[in-house]
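Consider the two complexes below, in which chain A is the common component and chain B and chain C are the respective partners.
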Partner chain A sequence: MLAELGHFALLLMVVTGIGQAVLFSPLWLHSSLRMLSPQGTKATPAGTPDFPDDETADHVGTVAKPSNLYLLPTTILLLGLLAEAALLNAFIVSDFTLPIVSDVSHSSTPLLYRIGAAFTPDGGAMLLWLVALSLINLLMAFQLHKDRETSDDRFGRNALSILGLLIAILGVVTLIDADPFLRASVAPLDGRGMSPQSQDLLKVLREPFLYLGLAGLAGIFALTLAGLLEHKIDRQFAETMRSWTIASWVCLGTAIAINAYRSYSEQAWGGWWYWDTSENSLLLPWLLTTALLHCRAVLEKTATLRGWTAFLGITALAVGWFGMYLTRSDLFAPLPETQLLPSDSTGLLIGFCIVFGLAYYLFWRSVDQMGDGRSFEVISRESAMFLNSVMLSLIGAVVLIGTIYPLVLKWITGEPITVGAPFYVDVLIPIVLPMLFLMAFAPALRWRQDEIWMIGRRMKLAAILSLITVLFVSIRFIDLSPAPLIGIGLAGWVLTASLSDLWARLWRHPEHGESKYRNLQLLGPRYVSMTLAHIGLAVLIAGGSASSIWEEQVVISARAGQSIQAGPYNLQYEGVSLLAGENYATRQATFILYRHSLPVAELFPEIRYYPIRGVETREADIWHGRDGDLHVSIGDRDDDGGRVVTVHYLPMMPWVWGGMLLMLIGGCFSILTRVILRLKKFGVPAS
Partner chain B sequence: MRFSIAVIPLVLFAALAGVFLLNIDKDSSVVPSVLIDKPAPEFSLPPLPGRDKGLSRADLTKGEVSVLNVFASWCIPCRAEHPLIKRLSHEANVPVYGLNYKEKDPRDGVKWLAELGDPYASVGMDLSGRTGIDFGVYGVPETFIIDGNGQIRYKHVGPVTVEVLEKVLLPKIEEIKG
Partner chain C sequence: MIRRFKILLGAFAVILPVLASNPVLAVNPDEMLSNPVLEERAREISKELRCLVCQNQSIDDSDAELARDLRVLVRERLVAGDDNQEVIDYIVARYGDYVLLNPPLKPETYILWASPVVLVVLALLAVFAFYRRKQRDGSSASASLSKDEQDRLDELLGTSKDDGKA
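Here is the complex of A and B:
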């Protein structure tokens, strides 16, 4: 019964979404008609309302009232929550009459993972995306109402109308492709069990971040299209976009970091990035959001790069949606043959084509008329940031090509090939290294125009320090391949440049009568979060390069009592014991970890057997030391009665995680300060 | 119309969308089992209690197309598909063999067939589930189509429905018969 209620709520969501799309903006239809008709395009100067006061104007009048403004978005969100609650309930009580539940869950699965299982099948994932989207929809109504109260708010209503349309389209796609609320004609006694890889706390945590990030991109997309329709890609537009870009960036970044840590802790070979389709489809929107983050700042400051910002605003969602399609379709990984719930991703593809075909068409027609504002000098902060965002997009293009190339080749020649890490490393290094080199300049450059010799003076300390780093590392380890060395050198370059810039700002001579904290205040939250993120990236790159250089791997067949040397650590293998988990049996090995012959920890890598699916998984155990990680996993027993043990010593690996964390903290800091400012500005009821 | 750089995204997008739309049906979502076009595994199963004929690989290699249906008395979807298995054995004109999978009590299968009718040419009893594992049985019911040389040609997982029977299984059998 609850499932039928959820089904109905989902249907109503589509209807209200269409309602919002139409009601909020009859003007939207007008503007697009104007865009689409070739004669009309030149007739109206940017942004001037030239519509006759026909009955559509009455509609606008009623909808513009604040109470009405929130009505539809709130309804959609409540409906979405109801549908999600119905689905979660079905998973919690293990209602196997729903094929979506019996496909991926089982009565013996622990509660937390049953809840997580609600987000893994196609229907559940789409529903989560819809709910996140309706949350964004309401937040955006709130923001646009507050921000644009005084100015004309056709822009805001257009944005909301586009979001309503997106909700409706995705709702229809969900219902057509993989309706989560279909009942089975015959209910199985129990579910087919959840894939053990999904029975993981981090995996459960990843999904909300991923879909919130994608929904945030949809918000950006709606704002961009509204801006294009109204010819208002301007500084105020950039200001409105700010929170959305940073919030999406943080959410997607969190999802990526979780994903990387999961690969690291699940697999035996100690890597954390595999360039597989699901990872790439996370990375792509994140890269474009990063690019957008930078050129949005340029737009806000100098009102240039309008076309480029609009392009990125559309494309970030485009690659996110396309990535969703790639991972949800059977193009790469065959769907499990035992799935009871028929699921298909054709709707997702067709929706993609319709939405972005229109969006890029509008982009073309309106950017032509918009022009690109003022120009800027070659040596200026905006040109450095523009170059960086172009390079980030190039990286995105390489990742996209690497992802779909094998597929397209297979369609053309029928030959299956795989594109792996070597391709990405070879192609990306020539882009990433210059990008890092340029990245250090941007904070030190002035807006509009700057002089080369001035930069030289500001950057000399950083240049000297990073050269010393490179020299030291390359003399000390002369036989190494150059790429990771250059990586370390450039990471040092970015790090020292960020720090010396911060230093210079902090030690500025205070003018007469200023408090001594004035310099700190002048930095501003934006500068702080940018510096945190840049330092984070430098730390991440340094850690990644270093651990790839100095990694040590030992694979041996160990017997109880044997000791294994890896880096500064010594591992003593104690043996394997059989234990029972909640829904699995496990062979757990015990290792005692010594550092300089002092015991520091016990490590317990496992091989788990999940009887429901009949699948074994390996769980590595990791010791995070100060100077590096020790990563242990066990394999099968070999013929002589020993057990295969794989030990990785990965020096500076904590830098990788610390770097990711710093970048995310930088983003969160920016959001937090902004939320606090906003609360102050609009005055939360003080009493 | 004047050429403009802003048209490039649209063109690239159209190219990408076109390639994917054209190939939408190329990779069908029906994934062949690893056993497809492989010989059926070697097995020899005892008969149900009170019957004299069991089931072994030799039954599947007699030179005619046959169907192997995995069922169990504890499996509710099997009960639902059973009338269609009867229809299948009637309409396809091929022997339908039964694999009685993991019964708790050997007599359960006999009772079940006595109650619902027995469309099977012969039934093998797989109490341990060993043969099921060799066939890659994942969940009951499953239905295999096997050609005259004992090669597995098609596998259907889950209950057979009217649609599956008419649109998939019967045409497939005709096709393999050749």
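Here is the complex of A and C:
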């Protein structure tokens, strides 16, 4: 029964979305709003007959009063939550009459993973995206209402109208492609079980971040289109976009970081980035959001780069949507087994073509009428940030081509080829290295115009320090190949440049009569978060380069009591015990980790066997030490009775995770300070 | 507790035959060659070859049965005296270009390999054109400041000497 209620809520969501699209669009605006205000509930289900639908009617009644702007977004969010709750309930109680549940869940699956299983099939993922979108929709209404000057404006209503349309389109796509609430005529006794690779806390946590990020991109898309419609791509527009870009960037970045760590801790995968389709489709929107982040800052400061910012605002969602299509479709990997619930992704592709066909057409029509503000010189901070965004988009374009080229080729000639890590490394390094080199200059440059010799003076400390780093590393480790060395050198360059700029700002002579804390205040939250993110990237690259050079791998067949040497560590293998997990059996090995003959930790890599799917998974155990990670995993028994043990010592690997964390902290810091400022009602924009 | 025990029992019934069979793990000790130079070369070659049943994993990383067979094959060829390229050619002749993680340069992949170069050139041209236009617009637009602008400028300069922050 609850599932039918959820189904109905999903249908109503589509209808309400269309209602929001129509009611908030400028053509219908005045007349329809006048219709709306006296009798709030009537207009909501726009065209639906009066179902005895107590859930929605109640909420509509209560929210009608504060503002009409909130009415429809709140309704949509409540409907979305209702649908999601119905689906989650079906998974929690294991209602196998729903094929979506019996396809990916099983009664013995632990509760947490049954909840996680609700997000993995196509229908569940789309529903989660819809809920995230309706949350963004309400937040957008909230923000546009707060900015008084735009609330009565057509701009805000256009944005909400476009978001409503997106919700309606995605809702229809969900219903057509993979309706999560369909019932099976004959219910199976139990489900097929969840894929063991997905039974992981991090994997479950990744999904909400991913879909919130994508929904945030939809918010940016709606704002951009509204701006294009009203010819309002200006500084105020950039100011409105700010929280959205940073929030989406943080959410997508978190999803990527979780994904990378997840690959890393799965022994069978070993590394942390494989350039496969699902990883690329996560990376693409993040790259474009990063580019947008920088352009938007330029637009807000100097009112230039209007067209380019608008283009990135549309494209970020386009690649996110397309990536979603690629991972959901069976173009790359055929679906593993026949499922009870047929799922199809054609609707997602058609929706994509319609939405972005229209969006790019609109962009193309209005881009010429966009004047650009004051000009800037080739050597200026605007210029540095612009070039950075161009390079980031280039990287995105190369990754996109590498991802879809095998598909297109197979479609045309029928011949399969593989585009793997070596291709991306060969092609991307010549783009990434100059980008890192230029990146270090941006914070030290002045807006609008700067002199080369002035920059030279500001950057000389950083240049000397990073050269010393490179010299030291290349002398100390004489047989090094050039590529990682350049990586380390550039990481050092970015790091020292960020720090020396911070230093220079902190120790600038205060004006006469100013307190010495003035410099600290002048830094402002934006500068701090930017520096944190830049340092994070430098640390990430240094860690990645270093661990790729000095990685040590030991594969041996070990017997109980045997000790294995890796880097500064010594592992003693104690043996394997057979244990039972909640829905799996596991062979768990015990290792005692010694560093300089002192015991530091115990490590327990496992081989798990999930009887329901009949699949084995390998769970590595990782020790994060000060100077590197020790990554231990076990294999099967060897012919001569020993146990195959693989030990990786990855020096400086914690830098990779620390760098990712620093970048995310930088983003969160920016959002938090802005939220605090808003709450304090200073009335001025942050920084 | 009893349920767990049942799962355990059931699981072992299925695992036991697996335990007895050949070990499967990325690079097993029994596959390795005793000659460290040859082994190093084998690892290098393995990183370039794709495990045919996985998603973009090299046979060096994969623990699929097929990847293991390929790893053994690579080592056999090396022991037989092939150089790196001959080994790769040997495998490609049997499994096709699909097995190469780095797609080879041939008519079908010209576009793939050319695209980054073309994109970079296009981007350079676009950026160059952008600056040219900026320069032209800038020289005509910012010829002189109006009275209001001058006043505003003085006011700004008078109150704040700080340059902006991103």
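To be clear about the criterion, the second predicted complex is superposed on the first by the 628 of 687 C-alpha atoms of A that agree within 3 Å, B and C clash if a C-alpha of one lies under 4 Å from a C-alpha of the other, contacts with A are read in each partner's own complex, and residues count from 1 in each chain.
Throughout what follows, contacts are C-beta pairs under 8 Å (C-beta built on N, C-alpha and C of every residue); 3 or more make two chains touch, one makes a residue touch a chain.
Keep in mind the model is a prediction, meaning the values are calculated, not measured.
Q: Which partner does A:356 contact after superposing on A: first (chain B), second (chain C), both, neither?
A: first
Q: Could you tell me if A:364 is touching chain B, chain C, both of them or neither one (first, second, both, neither)?
A: first
Q: Looking at the overlay, does A:185 come into contact with chain B only (first), chain C only (second), both, or neither?
A: Touch partner of A:185: chain B, not chain C.
Q: In the superposed model, which partner reaches more residues of chain A, chain B or chain C?
A: C
Q: A:639 contacts which: chain B (first), chain C (second), both, neither?
A: A:639 contacts chain C only, not chain B.
Q: Which positions of chain A touch chain B when the two form their complex?
A: 185-189, 192, 307, 311, 314-315, 318, 322, 330-331, 334-335, 337-338, 340, 344, 346, 349-350, 352-353, 356-357, 360-361, 363-364, 367-368, 404, 408, 411
Q: Under the touch definition given earlier, write down the residues of chain C that touch chain A in their complex.
A: It comes out as residues 4-5, 7-8, 10-12, 14-15, 18-19, 22-30, 32, 47-48, 50, 55-58, 61-63, 96-103, 108-109, 111-112, 115-116, 119-120, 123, 126-127, 131, 134-135, 137-138, 141-142, 161-166.
Q: In their shared complex, at which residues does chain B touch chain A?
A: 2, 4, 6-7, 9-10, 13-14, 16-17, 19-21, 23-24, 26-27, 29-31, 33, 74-77, 80, 138-139, 155, 157-159, 161
Q: Along chain A, where are the residues that touch chain C in the complex?
A: For this pair, the touching residues of chain A are 108, 268-271, 274-277, 297, 301, 332-333, 372, 374-376, 378, 381, 383, 385-387, 390-391, 394, 397-398, 401-402, 405, 409, 413, 415-423, 426-427, 430-431, 442-443, 446-447, 511, 522-524, 526-527, 530, 555-557, 578, 580, 582-585, 609, 611, 614, 616, 618, 635-639, 644, 646, 687.
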